[in-house]
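Report on the following structure.
Per-chain residue numbering starts at 1, and chain names A, B and C are given in the order in which the chains are listed.
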Amino acid sequence: MKPITRLLGCAAIALAMPGAVFAGKADDTVTVAFTRELDNADTYFSSARESTVFGYSVFDPLVERDPKTGEWVGNLAESFTWVDDLTLEFVLRQGVKFHNGDDFTADDVVYTYSHFSDPATGVAMPNTVAWIAGVEKLDPYKVRVKLKAPFPAALDYVESALPIYPAAYYQKVGSAGFAQKPVGTGPYAVGSIDPGRGFTLKAFDGYHAGSSKSKAAIGTVVVRSIPDVNTQIAELFSGSLDFMWNVPEDQAQKIKAKGGYTVTSAPTVRFGYISMDVSGRTGFEPFKDQRVREAVYHAIDRAAIRDAFFAPEAVLTNSVCNPMQFGCDQNVKTYDYDPEKSKALLKEAGYEKGFEVPFFAYRDRQSAEAMIQMLAEVGITANMNYLKYAALAEKVLKSEVPMSFMTWGSGSILDVSASTSKFFDGSAIDDVKNPDLTALLKTGDTTTDPAKRKEAYSKALNIIADGAYWVPLWAYTANYVMSPDLDFAPTPDEYVRFFEMNWK
Amino acid sequence: MTPPMVSPPAPVLSPRRQMLRRALRHRGLIFSSIVLGLIVLIAVFAPLLAPYDPYKQSLIARMKPPVYLGGTWKYPLGTDALGRDMLSRLIYGARVSLMIGLVSAGLSAVIGTVMGISAGYFGGRVDRFVQYLINVRLAMPVILVALATVSLLGGSMFIIMIVMGLLLWDRFAVVLRSATMQVRAMEYIEAAEMLGARQSRILWKEILPNVSSHLIVIFTLEMAHAIILEAGLSFLGLGVQPPTPSWGLMISEGKEMLLFDSWLIMIPGIALFLLVFSINMFGDGIRDVTAPEGRN
Amino acid sequence: MAALVALTVSIISFALIYMAGDPAVALAGENATPDVVAQIRAQYGYDRPLPVQYLDWLAHALRGDFGTSPYFRLPVSELIADRLEVTMILGVLGISFALLVGVPMGVLAAMRPNSLIDRAALFIAVVGQAIPSFWFGLILIVLFAVNLGWLPASGADSWKGFVLPTIVLGYYATPAIMRLTRAGMIEVLGSDYIRTARAKGVKPRKILFKHALRNAVIPVVSLAAVQMGFMLGGSIVTESVFALHGAGYLAWQSISRNDLPTMQALILIFSLFYIFFTFLADVLNAWLDPRLRK
């Protein structure tokens, strides 16, 4: 019996662990649930939304877009000027301190920009820093950033992809050390990080006044990774969770109906589309015929799917970009839901009996299933392949995906150069490979005159719509659920600014 | 091993009839046979029984409650998140779950039986090799390996059945190995060998029939195991592909609304439970009936 | 034998996981271009021939170095060491639960074979085996965390967070333990020396606990050790239902993001655990069973 007693001993030790910690207004701690986890607190090495949200509260960029007005305002920089098409000059704010007490100077900017734009560093999303040719210090509070080529969306990346790190500290502890104890200038300092499980933020008392961000109002933010949305809701109902984000529409409506919780939705930069292999790069022939693509477009009742699974605020889009993005012209040709016309077009194209096609998707499974059903009604047998994103991305690269329901988040960048331009760039993953289209998008990406950019993008988007290359679907909204004590206004960029949370 | 207890004397009846007699008295066996029989009938006659096409969606009739929770008789068990009739999906789902269980366990049975009987009959090096294979197989965490493989090859029903078939043979091999060893020690096998009967004939005609009761019992256990495992894979998002009406997938789909419309997981959950429960009970019953002295 | 098995498992897991997807694509993230993927592939050495990658990995693994998780950018060994604690606690609690429920049930059932208690115990065992654990877990959450509010639905912040996961993980092993205890007890109670003890007038209670249970429990202990090995591998589902960030959950997550080094290390470690516990079972058996001791 001895081994059993020993086992029981272990059990007794396990049972004697410390009791639960409860959060809430009383102890000025807001508990937030993340569905996924913070993969890396050195945010340059993460492409996940979670790390962007984390970084937004802990670090500061030089400038940022005011979420209400859309104007550029200074954060660590007091002002910026375009010296010419290839030179951005920043005047830095003085008297700003990092969480560890270091002073913020031009050296930090120079180090951060040059270190992370160096291809040898290998950041997670190289295209967000690839436009930087170099950075030079003019004086302790003035820097110039040189561009490789004219790049009008540069400031968007300055905001979203280039938080400023403390040069001396980062060089001392290295990336791994930094990921365990990150230091920034943001409204929140990092209390602790438990890799994969969550992290704790503490309000930073010394946050620099004059920043475009506000000082943190709530003392402590505890973020927990809870993968299952039901578990999150259970925690919300039992009072140990204050804030949920990206709650599916059905659940959000049920929570709303239950009463007592604040449920709001806000637009996001993410949008959905159905891709088709127009060029035959996957060896799949039918989509080479425009009539077949139009038939697909006519077969999908986008409004019905939106109404069933998404918030009414999720607008249907006419172009494969987000209407909030610069250059995303919505005034293009569309194809109404019309199954009869769809069948007629298929017949005309010689597919009277329909055809079979592998259909890939990685999220919003119910919507994907609804699309498959709608395609079946016009005779197209789309076979579902529901994969994890990594697996699907691999198949796209290997040209094994003739048709898919995809979504694109653009890294929250409000510019078509981060969306449509990435799809039809003429590379191996370009489904269309139309040189005119690629050239127009390239023009839009590298021209500085906004009017000319818009014109180029508009022409490109019209080519896509006229050719019915892909089926644009909708722009996503995100549901936020809060405990009754909490006050927070979500923004379209989905940065979830913890420092703007307040107790009622 | 304990010496078998003395069986009740029944000299008039042949062993087969004795078995039948015990079977008819075994309540668990009768109950589970009835339930299983019903499920099989439902699966076979699914197209006649189902009120709707199990794939037919109706986006304006989503998540209608079942009739016992205030729904209408139009959808007796309600509709799912895509407005598909739950009853029809449940009926067709019986086909999927049974098929997954039968094919996976069947494949495992073939692999495990070949291994177990060879090891038990030939002994020596063959036995050591089979034992080694069994140990390797046991050391591999089933769910992890299944998840990894399915995430590679995609979750088609075919692939899932093959993967599970390749993973669940261990018990067949272990049990049939020792059962074969026992049978091999019997005098009549020796006699057959002495008479120069071919090995294949001995294995096929003498050994296999004598270990078949073990085979059936393990088969039921592994069939139940495969059905539950598939449900688990579906739950983790790597099971059969939608819109296939698998019971496991139905639970996984209903999970989304667990806290609000829990009937979405209760209905397929209970169906799955009933199936697995009666398969297990059936297996227990068969064991009791074929080897009454060994009931424990 | 055990070493050979471990080696084979390491080869299988290496090959298997490598096929599970292109790790470079997973690392590159959502907005990646093909040349970025190629760069990452070279950076992490995924472009070398497989046998070279395997031997390199094994050589390091033997020294306890499983490489760096490209996802967390932390040493895999550190990551796993950190997560194993939860899984181990859960495993120990789960097996304790199974023993605490299974053994008494088995004893009760064995005292009166074919009685109502016996039948009820067997019935519960069959019922238990037929309930999918994730489904059971979800229902417990609805009942105890949401409707009654007694226990948390997730997390390992306090002992309360372990109650439901322990039940979910433990109940599945209970029937096997119950059946084995029952069988062992029936066998021992029918044996000659117990009959002798009875004839000598030893108190029934003493017979039951001192003599019978002691002997009947021997195979149960080794079964429990083996079950423990299974449990660690099987805690994936439980950990994901209850958001316990243990090694099982880490394994599942690693599969979905093709975190190759973590995945390989975990399959190997779970296998080694199983091999260890099987070995432990043999040792325990030899130690407890007087017949085998000599």
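Heads up, the rule we're going with is that contacts are C-beta pairs under 8 Å (C-beta built on N, C-alpha and C of every residue); 3 or more make two chains touch, one makes a residue touch a chain.
Predicted model only: the values in this text are computed from it and were never measured.
Among the remaining chains, those touching chain A as well as chain C are B. The interface holding more C-beta pairs in contact, when B-C is weighed against A-B, is B-C. Centrality annotation: C (chain centre taken as mean Cα position, compared with the mean over all protein Cα atoms). Centroid to centroid, with C-alpha atoms defining each point, chain A and chain C lie 37 Å apart.
Chain B and chain C, compared by their mean Cα positions, are separated by 22 Å. Centroids built from CA atoms put chain B at 44 Å from chain A. Multi-chain contact residues of chain C, defined as those touching 2 or more other chains: 21, 138, 141-142, 146, 240, 256.
Under the contact definition stated at the top, the residues of chain B that touch 2 or more other chains are 151-152, 237, 255, 258-259.
Under the contact definition stated at the top, the residues of chain A that touch 2 or more other chains are 230, 234, 237, 388, 391.
Taken in their complex, chain A has these residues touching chain C: 1, 3-4, 7-8, 10-11, 14-21, 37, 39-40, 42, 45, 47-48, 119, 122, 124-127, 175-176, 179, 195-197, 224-228, 230-231, 234-235, 237-238, 240, 388-391, 393-394, 397, 408-411, 418, 422, 425, 427-429. Considering their complex, residues 1-2, 4-6, 8-9, 12-13, 16-17, 19-21, 122, 126-127, 129-135, 138-139, 141-142, 146, 179, 182-183, 186-187, 232-234, 236-237, 240, 251-252, 255-256, 263, 266-267, 270-272, 274-275, 278 of chain C touch chain B. On the chain B side of its complex with chain A, the touching residues are 55-57, 59-60, 62-63, 81-83, 151-152, 154-155, 237, 241-243, 253, 255-260. Note for the complex: chain C touches chain A at residues 21-22, 25-34, 36-37, 39-40, 43, 71-74, 79, 82-83, 89, 92-93, 95-96, 99, 138, 141-142, 145-146, 149, 152-155, 157-162, 214, 217, 221, 224, 240-243, 245, 249-250, 253, 256-258, 284.
Taken in their complex, chain A has these residues touching chain B: 229-230, 233-234, 237, 248, 250-251, 254, 304-305, 307-308, 365-366, 369-370, 372-373, 376, 383-388, 391.
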